[in-house]
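As written, the chains take the letters A, B, C, D, E, F, G and H, and residue 1 is the first residue of each chain.
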Amino acid sequence: RSLTTSAADSDPNPMKHAFSKYATYLNDLNDKRERVVKASRDITMNSKKVIFQVHRISKHNKDEVLEKAEKDLAAVMDQYISRLVKELQGTDFWKLRRAYSPGVQEYVEAATLCNFCKTGALLNLDEINASLQTLSDPSVEPLQINVLDYLLGLADLTGELMRLAIGRISDGELEYAQKICTFVREIYRELLLIAPKMEDSSDMKSKMDTMLQSVMKIENACFSVRVRGSEYIPFLGSEDTSFSWLGASNAE
Amino acid sequence: HTLEKQFEVFQHKLSDSGTLRERIRGVALEIESATRLMQSSLLLIHQSRPIPEVLEKANGQIVVLRELFAKLAEIISESPGQYYRYHGDWRSETQSVVSLLAFMHWLETESLLLHAEAEEKLGLKSSEFGLDIEDYLTGICFMSNDLPRYVVNQVTAGDYDCPRKVLKFLTDLHAAFRMLNLRNDFLRKKFDGMKYDLRRVEEVHYDVKIRGLATSGNSTAEQVDGETS
Amino acid sequence: HTLEKQFEVFQHKLSDSGTLRERIRGVALEIESATRLMQSSLLLIHQSRPIPEVLEKANGQIVVLRELFAKLAEIISESPGQYYRYHGDWRSETQSVVSLLAFMHWLETESLLLHAEAEEKLGLKSSEFGLDIEDYLTGICFMSNDLPRYVVNQVTAGDYDCPRKVLKFLTDLHAAFRMLNLRNDFLRKKFDGMKYDLRRVEEVHYDVKIRGLATSGNSTAEQVDGETS
Amino acid sequence: HTLEKQFEVFQHKLSDSGTLRERIRGVALEIESATRLMQSSLLLIHQSRPIPEVLEKANGQIVVLRELFAKLAEIISESPGQYYRYHGDWRSETQSVVSLLAFMHWLETESLLLHAEAEEKLGLKSSEFGLDIEDYLTGICFMSNDLPRYVVNQVTAGDYDCPRKVLKFLTDLHAAFRMLNLRNDFLRKKFDGMKYDLRRVEEVHYDVKIRGLATSGNSTAEQVDGETS
Amino acid sequence: HTLEKQFEVFQHKLSDSGTLRERIRGVALEIESATRLMQSSLLLIHQSRPIPEVLEKANGQIVVLRELFAKLAEIISESPGQYYRYHGDWRSETQSVVSLLAFMHWLETESLLLHAEAEEKLGLKSSEFGLDIEDYLTGICFMSNDLPRYVVNQVTAGDYDCPRKVLKFLTDLHAAFRMLNLRNDFLRKKFDGMKYDLRRVEEVHYDVKIRGLATSGNSTAEQVDGETS
Amino acid sequence: RSLTTSAADSDPNPMKHAFSKYATYLNDLNDKRERVVKASRDITMNSKKVIFQVHRISKHNKDEVLEKAEKDLAAVMDQYISRLVKELQGTDFWKLRRAYSPGVQEYVEAATLCNFCKTGALLNLDEINASLQTLSDPSVEPLQINVLDYLLGLADLTGELMRLAIGRISDGELEYAQKICTFVREIYRELLLIAPKMEDSSDMKSKMDTMLQSVMKIENACFSVRVRGSEYIPFLGSEDTSFSWLGASNAE
Amino acid sequence: HTLEKQFEVFQHKLSDSGTLRERIRGVALEIESATRLMQSSLLLIHQSRPIPEVLEKANGQIVVLRELFAKLAEIISESPGQYYRYHGDWRSETQSVVSLLAFMHWLETESLLLHAEAEEKLGLKSSEFGLDIEDYLTGICFMSNDLPRYVVNQVTAGDYDCPRKVLKFLTDLHAAFRMLNLRNDFLRKKFDGMKYDLRRVEEVHYDVKIRGLATSGNSTAEQVDGETS
Amino acid sequence: HTLEKQFEVFQHKLSDSGTLRERIRGVALEIESATRLMQSSLLLIHQSRPIPEVLEKANGQIVVLRELFAKLAEIISESPGQYYRYHGDWRSETQSVVSLLAFMHWLETESLLLHAEAEEKLGLKSSEFGLDIEDYLTGICFMSNDLPRYVVNQVTAGDYDCPRKVLKFLTDLHAAFRMLNLRNDFLRKKFDGMKYDLRRVEEVHYDVKIRGLATSGNSTAEQVDGETS
């Protein structure tokens, strides 16, 4: 699209001349795409590692685990996303979206997961995009994660939150699980309304189904704790007002 | 509540983009319809109608198309920097247009319609709303797919020089395409198909030559003629 | 030329029917959107918001839906006798609507929304533009699929009597469905799923009962007898 | 109990509609069987049996088919306004019938069997139980699929004029179809296939021409112009 | 022509066999319908109706089934040695019948309905028209699938001894099945499912025991009671 | 089905007793099935070899190639089918049909192919079954190939005949190809009427499609020879009245 | 003729590789059968038979398995370097074997069967014919799936210390698995299942604790709390 | 802690295997790219450029390919015995390479590139990192697909002896392939295609012969006739 039309008309073989221009254009584009894909893969892999790290959380190592996760997440931003940003500078972000979308989605998943664990709230798109701004050369338009990738990442987040909730319940942190449950329900409700408006919504549709499954898995786990916990009270009284009836350490 | 507020903003943004796409879809349908008319006129070439007559009628649609692309450009200009967000919605229509224009151009000049020429015909400006190069190239591949049929029908109608001309063009075009470093995508697949077009035209050329029907005077042609006539 | 004349007639008929379909699609999309809003309001029931509050918001969409179905009926009335030609185009939307209305009705009355009541709510008239029975039944099956989740969340929120009530309703509904001689189709498959909903609610009821949480009144065994007979 | 009463009503309606479907299925199977006999007779055309002999045997089934369609019409007339509810149950059978009738008609007259003629042959009345236009068109596409094979076998049997005749017919038919604005559905896909039939017949025509086998009269180039204009 | 003659013979043979299957299909539908009624009666067991009452009604269908199987046997006897040619047409119906009979038998006797007993109940004679052993075993697996639900509902209704009884039965049954060398087929898959039934019943048994609800006087039960009460 | 009901009623554990009977029944049945499957596989493999052998035919080695093929085919009958027959003696043939059907179909394919090459006619089911009769112990009911397996084998035969026809044309034997074409068309026409009446006709349906493709491949090949051959005559006259215009050796 | 000679060699190699597969299949079936016997013996653990008795019988199959794996290794050694060419053919059988061995090992030692130990038990040598790590890990996940059932049945039988021991083991195992950065595949899905096993065992442990049944209060119990808190 | 240590080892091994795959992918892409260049050079053969000139340029890539395969071999040698674990990742690239090498070899020597020769050209050693036989055979089939085009273009350019030579080669190759008892898979399908290549070359040979163009009448021509008749 950005091809300049030089004076090719006087060329003895205009077709060959034109195609050498096309070739240059395609080579540059493909090389860039290849590098963007590579960056995206690295982002994916390292974001996944952050997620695995978050799942290593347990009742008493929270701060330590999260601190490491956040450090790793920051490293993803500094090392890999910055590379992506550099590559994309001066390009139409939408042109190469399919090349970097998987990585960006996974990063959104990791970043929102970390943020939820730390603050209990949803990390907004604006906040992520603000942190991206600092990476770019101020003279050019900075890379902005688009709404679609953000929402797709959010959809995957609920799966990780489900895993987290099941883990927390095993660890006796029912309150935490309940908080996750409320949060995931809220996201589901919002996405329910927004999903059909998204471009290429078929992808999102199957993610919605998975999401509902995740919500119900958390609800079932909470239910199970609740009915089991109900038996605890008659035996030992209800002086323990926290929701943490369950878990090996608490039954002491 | 910031969470809700954020999603409200998203709702609006996505609704706006939905409306935009609806409008694009409308224009794309009109483009498709104009292309269909153009193609209908062009199809008569396979029934050996004289080229100028066929081209005249087909050319009539170019003005219509130019206006429709101007309309598209205007719509897209409303959301700057998002050309490629919506690009998929008029992509295949554009490829068909290019394919027809290139065929018409070949009939007239026996040379390839270049990218810049295609943009000019459609009144597109590279800097604002241009013709994507991959779309252009895909359109050229589509054109190539129609050439074997054209050659077959021309020979049937007695035009024995056509295979030679098309073969020369297609050989050059195929060689030019091979300069490109194509990814494993749609365009690559279409280009892979060009091989079969080339092969078919070679076969027709062979048929004509071995029967001494290719009468035009270069040495190789004479050689065959000499031996069989 | 008779051939051409015939195809001209076809062209008109097909484009008329195409336009009709386009209009139906438009309304169906609006129905889907209204249904989604309704569903979103209803989802709050799982977070133990008070029923009247939840219902009030959801009820707001019924008027919208009624108008949309009136629009559909009007469009269809233009080509009499062809209801079932286009029926597939709003089918699944209608099933979702029925499913939500029936759930809302149950929350209010603890009884099944009847077919006639559903038609009335949506302002449909059986004779002209009615609610297809299989669509109604499919919608009811969809509602049944949501009940286990509701029961689980109610118990989590401390409402230990909910399983008993839902179980009674679902047992009756399941028995009624069993009377139908369903074909081996989509509806049959949906109904087969209802068995699992029933079983899941029984399990929840069991969990509550065995822990003595279903505290209402008399000896547990007697209570069950009393309730289901 | 209102719930039970409602389901009793449903039980009757569903079993009535089930019975109807069962009866339609029966007739549809008979139609398929008669069509198959017809097709089997027609296949002999590929072995160069004389057209009249082949047609005579195939024609014998038309009476049978007419009666079967009358039976169908009668069954459908029992539930007015629901033609399209059950239409899918005899749809593909009808398309096959049309395809064979159209081929037979072409063999006899070298012209297209029109929609009205097809209805007449089958004793259908548009107003009550007609031939759906899309079914008719699909049937015509099916017929087109059989033509290349016919042409190939005719040439093998020494009938070198056949490609020209079929090509003329198919070119006109294809042009007529192009006027239609088909949706992206089954019919559209079938029509897209017609292009390949046309191309194949052109190729056969080419093979015959380039070897000078199409011996009829005047200079070859002129002949083509004369025939298609 | 021997080729044609052979195919004529085949036509007749296959038509005859088609007719036979049509008749079998009819009886199979009747069996299915009778089974449905039987199952409807039996379902009341989950609502804690007294066993004798439930069984009495269900038993009423046995006579009907016996007659239907006699009908089947008669039809099959017309083409001797081809029992297994048509077997697939009543297979799954038979499996359902066995499953229900075995459940009824267990309710009455707390023991397994043996193959010979099942044949006797249905009036089948092994030598002529027997009950295929794999069908019998599949039916038994189906019955096992219903037991967890039964246990859950019995406990809910206050029958705390039921899990122990069912667990004993199911453990034995599972062990007995393990003696069989099953192929990787449908039956094997069904049997694999039995593991989950067993596990679920174990869980219920556990629930009852740990809460000291299992009051029946063997030593292990007392031990739990002693510790928690 | 053939289980005898002994006096199990007096057994202390009737269930165990009954299941040991079921186990015996199933073991016997499964063993037999396993052996039948094995026999069927061997029949398939060796019939395929016969088919490969037939395809080694060329213009001047016909007798020799066919002789070997027939010998091999006879060996399949003597060594493998006889084993199948022995296994199945006294069983309901339909009970284990799925276990031996693939082998029988492939044998039908091979036998009819050989017979066509030798005689130009279709080998009838009765003829095959007659040869089977000789293998069985005369006291028990002999194995008879059923109509369905015969027809399914016939359907596959047309694919092999297509391969044969293409090969024959390359070898200049147009007349032979034409004969195959007529034969295959006839079979197709007959099967067209009979296919929908077959049990489990879905399998046959897809075979019908393949068959039509095969017929058309032969027809196209014949067409191609015809139009090309048409050019031969004006050059060298038509004294060569056989259809064998094509092929390297004939153009001498 | 070198060409012919080459193809003769190929023919032999191709048929050899077919035979090899056939032989592998045979051994894999034997492994499956031995595994089944082992599992049958092990199942008695759920009926509270004493561990040594159960293990003794199950251990008997290890020798058989070792021989079978030796057979496999021998077959594979015939075509060196092709382990992974055929690996898929005995994969799932190996996973089952690992799962059972690991369970038996736990019963004996209350610790995890390590990869090297598993290889040793089966007589495998890493360098030549080893145990694929992913197969080993999958087998361990399978074993984990069986633990909740074991715990439930042990508690029912009065062994109140079992939940604590299994909980400790499963907690450690789960933590170890969490160290792996599994790609999103089969193994990760299996590992996700382990979370549910862990939760179920927690629940049983809780049931036992709140009823004061696990009062034996020895040091190990405290130790667990310390480690997991 | 042994358990933890083991899982640490696993973590390393798993991530190593991921890296390995990544590296293989990289080399496979380079192989593909080199192959493409080689093919580009070879394509000029269809434009009748002199064989030595064409081969010289194409040969230049062999060194590159040899180095790339050496790289692959080195990577694979790091995890001995796992050739077939990763084989699928460079499979189709290898087949293309073989196909081109075999074509070049034929141009030079008019004989088949043997398996051992192919390995030698690519610097492969059977024992460590060899050329899979099925890959070799598939590559040969691919080469055969290109021969008809070559023959057609050579004849067009006046080389009338080419058909005879190719025919002889292809006849022998086809006969050799027929010796293999291929299972019904990918390779057999490819081989079926060779029949059509053979037929097309026959046709061209015939075209040339009947026109007396191949009159050079030397001994080799006669010899061919002798062999194929």
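Please note the rule applied: a residue touches a chain if its C-beta (ideal position, glycine included) is under 8 Å from a C-beta of that chain, and two chains touch if they have at least 3 such contacts.
Treat the numbers as computed from the prediction; the structure is a model and nothing was measured.
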item	value
Chains in simultaneous contact with chain B and chain F	D, H
Furthest chain, CA centroid comparison against chain F	A
Approximate Å spacing (C-alpha centroids) for the pair chain A, chain E	50
Gap in Å, rounded to a whole number, between the CA centres of chain F and chain D	35
Chain centre separation in whole Å, for chain G relative to chain C (CA means)	47
Separation of mean Cα positions, chain E and chain C [Å, integer]	34
Contacts with two or more other chains, residues of chain F listed in rising order	193, 228, 231
In chain E, residues with contacts to at least two other chains	none
Which pairs of chains touch, using the document's own definition	A-B, A-C, A-G, B-D, B-H, C-D, C-E, D-F, E-F, E-G, F-H, G-H
Of chain H, residues touching chain B in the complex	40, 43, 46-47, 149, 152-153, 155-158, 204, 207-208, 211-213
Footprint of chain C on chain D - complex, ascending	2-4, 6-8, 10-11, 13-15, 18, 21, 80-85, 87, 111-112, 114-116, 133-134, 137, 172-173, 176-177, 179-183
Parts of chain F lying in touch with chain H, wherever the complex brings them together	48-49, 52, 55-56, 58-60, 163, 166-167, 169-171, 221, 224, 228, 231-232, 235-236, 246-249, 251-252
Complex interface listing, chain B residues touching chain H	171, 175, 178, 199, 202-203, 205-206, 209-210, 220, 223-224, 227-228
Footprint of chain D on chain F - complex, ascending	182, 185, 188-189, 192-193, 196, 216, 219-220, 222-223, 226-228, 230-231
